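The two complexes that follow have chain A in common; it is paired with chain B in the first and with chain C in the second.
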Partner chain A sequence: MAATATTGGVTRSARGTLFGARIREAGWGYAFVAVPMAVFGVFFVYPLGYAIYISLYNWGIFGPPAGSKAGFGNYHQVLSDPIFHTAIKNILEYTVGVVPLEMALGLSLALIVNAKIRARTFFRAAFYFPSIASSVAITTIAIYMLSSDGLFNRVVGGHRPWFSTPSTAIWSIVGLNAWTTAGTVMIFYLAALQSIPTDVYEAAAVDGTSGFRTFWKITFPLLRPAHFFVIVLFGTGALKLFDQAFIVSGGSGGPAYATYTPVLYVYRTGLGGNGQFGLAAAAGTIFFVAIFILTLGTRFTVGRGQSL
Partner chain B sequence: MSAVASADVPGKPAAWYAQRTIVYLLLAAMSALFFVPFVWTITTSFKTIPDSVNVNLIPKVWTTSAWHVLFTQYDFATYIKNSFFLAAVIVASNIFLGALGGYAFARLRFPGRELLFLLVLGTLMVPDQLRLIPVFVLFVKWGLFGHFEGYILLNLVTAGNLFFMRQYFLTIPKDFEEAAKLDGAGYFKTFWRVMLPLVLPALAALATLQFQGTWNDFFWPLIIFGQGSVHLYTVQLGLAELELTYQTLWPQLMAGSLVAIAPVLVVFLVFQRYFIAGQVSAGVKG
Partner chain C sequence: MRKVLALLAVLAAVAAVVASAQAGTKTTTISLAGWSAGADEDTLLQQIVNKFEATHPSIKVDYSVINGDYTSAMTARFAAHNPPDVFYVDSSLASTWATQGVLQPLNSYIKSSHYNTSKFFPSLLNTFKVGSTVYGFPKDWSPLAMEINTGMLGEVHAKAPKTWAELRSVAQKMVAQNVVSGGKPICLSADWARMLAFVYQDGGSISNLQSPAVSNAVNFYVGLIKDGLAQTPDNLDSDWCGTALGKQKAAIIFEGNWLLPFMSSTYPKTQYGVFPMIKNKTGGNLAFTVSYSMAKDSKNKPAAWTLLSWLTGQQGQKLWVSKGLALPSRSDVKAIGGRANFLNAAKYAHGWGFKNFSTAYTIMNNDLTAVIKGGKTVAQMLSDAQSAVHGS
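== the complex of A and B ==
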């Protein structure tokens, strides 16, 4: 700040007021951020440590019974639990399935509404809307559409209840969420498409490059930052799948553990039935560390040189 | 601007028409994918139960009995009131605290500011599934479990909103505050009278996205009110309950889904541009 740079030239009393003004400014600064910092301290920083603390005890609903220190026993138990393994397998299948589908659908939508079509703002809004609508409602609608006598089966034939068949349950959630999230992905791709300079296309047009070639050779590679961004943002989001898995299975993660996800595992271990809080906290910690490592890993491999 | 730039270039009518055809075919397919389920949902909510498993879009007999069930056998009037109440309080507190804190982080100088801001960004990394157990235990200990106060405190101000407002304040030229300072206005007055009116578009974006987030929230209401506090149910919890008990009574479920969707649709139609602007910047903060 200019005033501090010229302090040497001002008188003692002026410096005193300056000093007072700085204290006053700092005081107001602390006052303005006090409530948010208190909220973050109590509901984010403290729980982070508390989760690890709880995870080291055989903690029940009413706290740890005397002398019930579990050490790393809870971690060991979670890591060797076949249900946790199933949850991890499910979430990996789901994430690997849903992210490319979201990208393909989102990019298609972005290309459509970026083309010179009639009523493009209307279509942009219509494609975007499912991604901001309630997940519980959208899932309920999807259960109806994919039920044994639902619209989807009337179109493709057959009577399979897609969400309550073990082999198709998680893939049905993949389809459902690719559909709902595509609108958000579209918004990001649209912003990226519109930031590509026009002269790139003019050069291609002069060269007589076809529209399809232009897309694969020019547009698609130029969208690399957007691809990376979508992979990281929606990939980490996909790993936290909960609402849809809860609704389609009535909170059970069924049929036959087919929709069990790690977050559902934390929820059910802690709040469902036995209230094994120590175990649930250990599962939450393991899962958090795994996501953290995955995110860093993505950033240093595919994301090299990208700013995010 | 257009990605399909050759559409603008004269002298290639055949390719141009081919491209237009592809775009419009895709548009038709996508529109069907996005519109049919919603239209189907609306008409099904007016069907009778036996009629709801038929493939006719238009109900054979129109009935509002499914809607009636929501407000008689279930207390959706209360759920709607609860959802609106929580959304209103949380939107208001996020606007005020997010703007105030964002302004301080953007403009006021105080020791430790960068460190505190780093902490704000750090909270974005802490996922809900890790917080679930400790927050639950704290809530039981402090008597906040099964109370609106607990949910409100948890969502009083989010790191995302604080960050969003800070970034927006950074784009405002400093001249405005310096003029206010010369007039002898204090820090809060400068914030309230001078700065806040300048960031109204950002506040609108924050409000729309926060309303949507709170209205749609399922996870935390399930944790805090889900275990027996039926009078505190939000619309989303009510719908989940309906889903668990009614299973395949489709007209009721579709009517419930529409109640859960409608307010966000209205807000979206009115404030559409703020939604999309907020979405892009919310994503960019990563």
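== the complex of A and C ==
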């Protein structure tokens, strides 16, 4: 008979069995996440680490020249490049413009489809449809619609080529993307609206609060977790703008650098014929750090007390 | 039983013959890639490839079109050491790719196969050389010419302009008589791939972009727009000046041989003529050319050389230019009729491309748009361009 001791009413052998059960339970958990973690490691962690590594060298199409040493020359070159400064300015303008517009449109649509209206299911699908359509197809159609003789000018008047005019190019992309993503934002706000308990509205009705005041004093503040989620998710997405900028400018970032974004800068530097992979990796790393800091800032301001 | 044995013997003999025949003809498969300039070109090239395979049964060619951003796609394939064996190289990128070591030097193949390069137009062949090393052979070329809507020109009772001053005069007449309704007399792209020809016409060059000649040429070019005599394609509801000519939103444009098949297929009813490029102090033009080159990482270099030399040889090029989609880059191949005004520009044509092309061209065109729209001065643009091209 094996020797056993007892502590707190639980025998050591029973404690050992309990510990083993926990190990087995945790082991199953780790086994299930092992595959997605491996994919994450291969397709995110490894490329990130490799990009940081090559950013320290003058890395060309076939690697660095023989005998080259690691250094921060690429970072200095990117940070002192006026085109990179312009790209940062453009993307900040774009993000500050598009995110509030997305939130406003998405919340408006969510309020509409959350109400008891006829054909509510149809409208939910219809408002969401632009989000699932191909962004390339939508942008190509928008180029025609916003051309100098396009449908938009025929309605509002004028002869301005909206994507080819430096002062309106990025704002045209703001309008286009706010429209295409409003449906997705609507989904998040709709879920958040439906999680608000109805008794607060009943109490507000008893107090005789008007519709707008109910929205502004009750609904809007209670949607704070959704606001934080949308700002982080869509703000990060906005900072990574590439496809619309590439399509409307033909990859040049024009007109007059108006649609030059940091991701387009990375693309052109790495794959634009010169094959400056090290320089492109440095630009990408700088931008990654910038987005990370912005996300943290959002977490500690708008997201105070929230968790994703 | 005897019949069965006889049948088996015949079958065995046939199988032996087939097996020995297959063992004797070992085929090599090589890849050929380029961008698409239209369905007509894609079809024509496939027909030419089929002809090559028929005359070279030991080589199979896998021809594919790279859609989208050709430069980026090829850069990625070079980095992956998986490029096509033979592929297009635009003159603007030839020296960059040669310097980066992705193109196979061809001198040893030229020598060993006694390939005669003397028939290539020297200015075109030199575009694909670094020093004395050849990295490709031009498959075709085109300079710019001046294309004019003949109906609109007739309305102002003018002849096709030959100089800058005449161009301005004709455009002013067209404006005065409102000949180009809803458009402008001249379509000018915000593109150094057009404006550089005017720089050469004023005696300037890419080697010093801050010279008075360059500044004068840029001021003339931009001045046509600012004076209401010209406009960029986007302001003429067009994606390029060819569309503007076809839609009759412009009467005068400056484009190459590629305009002709486009107009024929897309705007067949627009009446226009091809005229020599205008001059100022001298003639000046650009030679847009593309080579067939071999990849340094090609695993089938002898077969790739056979294909490359055939495509750019007299026979291959004769087939390529037979439909008028391109002009020959060899003196022993004749272009189809109606191309004289393009061919005569050869003596003034400068190869299109310069140092640091990928980065510099983006900066130069963005700056040119800023100058046209009013966000930058000509001097600022030329300073940026000089730094971008020459790093000074």
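Here, the second predicted complex is superposed on the first by the 265 of 308 C-alpha atoms of A that agree within 3 Å, B and C clash if a C-alpha of one lies under 4 Å from a C-alpha of the other, contacts with A are read in each partner's own complex, and residues count from 1 in each chain.
Here is the rule we go by: contacts are C-beta pairs under 8 Å (C-beta built on N, C-alpha and C of every residue); 3 or more make two chains touch, one makes a residue touch a chain.
As the structure is a prediction and not an experimental result, all values here were calculated from the model.
Q: According to the stated criteria, A:F292 is in contact with first (chain B), second (chain C), both, or neither; which is it?
A: first
Q: After the superposition on A, what does A:S164 contact: first (chain B), second (chain C), both or neither?
A: After superposition on chain A, A:S164 lies in contact with chain C alone.
Q: Looking at A:T214 after the superposition, I want to know if it touches chain B, chain C, both of them or none. Which is it: first, second, both, neither?
A: first
Q: Tell me which partner touches more residues of chain A in the superposed arrangement, chain B or chain C.
A: Touching more residues of chain A than the other partner does is B.
Q: Tell me which partner A:S147 touches in the superposition: chain B (first), chain C (second), both or neither.
A: Both partners, chain B and chain C.
Q: Is A:Y50 touching the first partner chain B, the second partner chain C, both, or neither of them?
A: It touches chain B, and chain C stays clear.
Q: Based on the superposed arrangement, let me know which partner A:V232 touches: chain B (first), chain C (second), both, or neither?
A: first
Q: Go through the superposed model and pick first if A:R22 touches only chain B, second if only chain C, both, or neither.
A: In the superposition, A:R22 contacts chain B only.
Q: Now for A:L271: first (chain B), second (chain C), both, or neither, which partner does it touch?
A: both
Q: In the superposed arrangement, which partner chain does A:A115 touch: chain B (first), chain C (second), both, or neither?
A: Touch partner of A:A115: chain B, not chain C.
Q: Starting from the residues of chain A touching chain B, keep only those that also touch chain C in the other complex, and list them.
A: Chain A residues touching both partners: 61, 147, 149-150, 251, 267, 270-271, 277.
Q: Any idea which chain A residues touch chain C in the complex?
A: 60-62, 83, 147-150, 159, 161, 163-166, 251-257, 260, 267-268, 270-275, 277
Q: Flag every residue of chain C that touches chain A in the complex, lowest number first.
A: Those residues of chain C that touch chain A are 69, 71-72, 75-76, 78-79, 93, 96-97, 100-102, 190, 232, 234-237, 356-359, 362-363, 365-367, 369-370, 373, 375-376.
Q: Contact residues on chain B for chain A in the complex?
A: Listed in rising order, the residues are 1-9, 15, 19, 23-24, 26-27, 30-31, 33-38, 40-41, 44, 53, 55, 97-98, 100-101, 103-105, 108-111, 113, 116, 119-120, 122-123, 125-138, 140, 153-154, 156-157, 159, 162, 186-188, 191, 212, 215-216, 218-219, 222-223, 227, 235-236, 239-240, 243-244, 248, 250, 253-254, 256-258, 260-261, 264-265, 268-269, 272, 275-276, 279-280, 283, 286.
Q: Using the touch definition from the top, list the residues of chain A that touch chain B in their complex.
A: Its residues touching chain B are 1, 22, 24-30, 32-33, 35-37, 39-40, 42-48, 50-51, 54, 59, 61, 63, 108-109, 111-112, 114-117, 123-130, 132-138, 140-145, 147, 149-151, 154, 179, 184, 187-188, 191, 193-194, 196, 198, 201-202, 204-205, 209-211, 214-215, 219, 229, 232-233, 240, 242-243, 246-247, 250-251, 262-263, 266-267, 270-271, 277, 280-281, 284-285, 287-288, 291-292, 308.
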